[in-house]
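Notes to accompany the following structure.
Going by the order they are written in, the chains are A, B and C; count residues from 1 in each one.
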Amino acid sequence: MLTLASDFGSPYPAAMKGVLRSHGVTDLVDVAHDLPQGDPRAAAFWLRFVLPEFPPAVHLVVVDPGVGTDRAAVCVRAGDHALVGPDNGCLLPPARALAAATGDGPEDVAVFAVDGGDPRSSTFHGRDVFAPAAARVHEAGVDAVEGLDGFERVADYDDYRLPDAWLETATAAGEVLVVDDFGNAVTNVPGSFLDDHVGESVVVETAAGRQAVPVVETFAEVPKHDPLVTVGSHGYVECDVNQGRGDEAFDLAPGRSVTFSFEESVAATVPSF
Amino acid sequence: MLTLASDFGSPYPAAMKGVLRSHGVTDLVDVAHDLPQGDPRAAAFWLRFVLPEFPPAVHLVVVDPGVGTDRAAVCVRAGDHALVGPDNGCLLPPARALAAATGDGPEDVAVFAVDGGDPRSSTFHGRDVFAPAAARVHEAGVDAVEGLDGFERVADYDDYRLPDAWLETATAAGEVLVVDDFGNAVTNVPGSFLDDHVGESVVVETAAGRQAVPVVETFAEVPKHDPLVTVGSHGYVECDVNQGRGDEAFDLAPGRSVTFSFEESVAATVPSF
Amino acid sequence: MLTLASDFGSPYPAAMKGVLRSHGVTDLVDVAHDLPQGDPRAAAFWLRFVLPEFPPAVHLVVVDPGVGTDRAAVCVRAGDHALVGPDNGCLLPPARALAAATGDGPEDVAVFAVDGGDPRSSTFHGRDVFAPAAARVHEAGVDAVEGLDGFERVADYDDYRLPDAWLETATAAGEVLVVDDFGNAVTNVPGSFLDDHVGESVVVETAAGRQAVPVVETFAEVPKHDPLVTVGSHGYVECDVNQGRGDEAFDLAPGRSVTFSFEESVAATVPSF
């Protein structure tokens, strides 16, 4: 199986599928082709969330704002999986999650620089470099990456890590990693921060101001169009609105700061919401 | 074969695909993942339209505004097909169509409550409850649903039916069920209402006022950007614009009322359009 | 293998997939279903770009603003490939590219009119005419098209050709063929026009005025949000913006004129940009 993920929209991904089929790879699964454009960090988040659900596979990932520059092409081996894409960090967070999920430690990943040859274009390496490389890995098998011609193990690569939130017992300061298609603003604050607080209010501070918002397990616990804070299916704290858009209600976008607080002295200054 | 339909946008459906592949289901077909968000009625309409085109299959349908509440997970057996999703009515109209299409009567459907166990999340039952349940039905076969552990036949479920239009010989009063990507406003008035009227004008009354509009068989029978009324490929009366948006021209949206009339006395008061 | 391309958005393509699966075609690959609506020219451009990447296949292409009129259904044989869709020209440019890519000359294509029978609807021939016809070609094989019942070789068809640009040594006058999802405005000026000019400035004249813009090989050669001119992966000159939208910066849309000039006398009158 070979999965495809990109920020290409349409119809560019079809050119990659054609190349893969021409290389004999028949079992293709689309992950997403509308990842946020030119944003390796968002790709890292979404793929860390999604790829561990898959059985062993080769994952072609092309979010590549540096296409045509001297950034390398890389293949990352992680457990029984391999990821192929640009060396801009977007592969490493999902690779560590895959390595952890398959029994290795999260740091037990191996990165290979891939010789892209002389590509047909300088603007579409998804078609000209990454798809052929992924097809070769798929054909050889993940265990055979080390011996593939043009694949060289490297220690120097973009070892990107998603930013950590700052956590205290009753306060967490983080940032928005992505906003999903529902408008849910997903932060980097671990869901465990809300443990034992379901049913309480948490003070959320964003550019929109401070507001006390219910901590719930399900959207339906608040009235339609009301804000809420919950733990999303990825395990992180989200700022949402029941059947509405959390990003708008909280004035949040990727990269913006958000602080959650259960401190009583703070909460007391906030009007009921 | 297992088809997938949801209102999840992207990339959440890929997590479901990963779960299904991990459960050994290899033949996946995407129906749509941009069904109108949180609207089981629209899902019911579209799936009643689309699913009868398929050969026998398991259909995973997740439009689930009540995720995390105590709404049940259900599996509906209909002829050689099975549908798996939330008990909010969105499965029943397509199930009745599948039962009718496969030779049974439309009411010959069987509904099973599915024990979802203790899901990993309270916000993504598509991944945690419905995909694993659909994989089990796919593996066991539609005929074996009755004996599956955790599947219990029930008589009490959300037996949703799409609303009927009110029909007289020369007048039909209905409502818009969905607006498609072309802007065509699809009503619940059966296409047979227009039988023998092609080439005439019909008076359409909506919030935009009353207008006499040509009844045609093909869009190209009216000039570009002109309004028209026709029978869509689903068999219902549509308010459309040739190479334009019917929803805007007629000020229509899902749930809004629309009346069609061939009464001469009414038509006579309408200026030529 | 059978590929699908359309301007149908969602969920109409799923009805075509159901029909194809019901006809026994299991190996389906989505090319795109968001081709520009009702624009056979844009479809011709994109499919000429994408389809030659695929190994031999049947390609179902439905961009059909004349659905229900007397425009014919056609099957175009091109090398080891066949294309099935409406006779509005959208199949011919990709067919010539496929014929050229498979060793035949680009003009070595054969066009067959297809008897569509008595379709269920007059508005969804993708489901009712083209999908069944494509399934028949897929089952019989591309070489057997000539003998298929209801397929008749014809000499009279819409032999559409994408418009040529007007080229001199230092000046090219063309038009925009498509704008992609990144906002890149793709013209019909062949990339060879920029040969030996990388690193220079070219004067671009559009409705937005005249501006001298760097000719580059990669987007990253100009600062973020700056305009550039480059050769896209399809081999044509594009007007782009690094991590921005070229269509907006240059005020371009499909069909609009654009002139590129390296003439010194012209360039001298343009302020540094």
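Remarks
Following the convention adopted for this analysis, a contact is a pair of C-beta atoms (placed from the backbone, for glycine too) under 8 Å apart; a residue touches a chain by one contact, two chains touch by 3 or more.
Owing to the predicted nature of the structure, the values given are computational and were not obtained by experimental measurement.
Rounded to a multiple of 5, the Cα-based rotation taking chain B onto chain C is 120 degrees. Of all residue numbers seen at the chain A-chain C contact, under half occur in both copies; the interface is built from largely non-matching residues.
Inter-chain spacing, taken between the CA centroids of chain A and chain C, is 32 Å. With touch defined as above, residues shared between interfaces to two or more other chains in chain C number as follows: 30.
Within the complex formed with chain A, the residues of chain B that make contact are 8-12, 14-19, 21-22, 26, 28, 30, 37-38, 65-69, 120-124, 127-128.
Listed in rising order, the residues of chain B touching chain C in the complex are 1, 3, 5, 27, 29-35, 46, 49-55, 180-182, 217-220, 230-233, 243.
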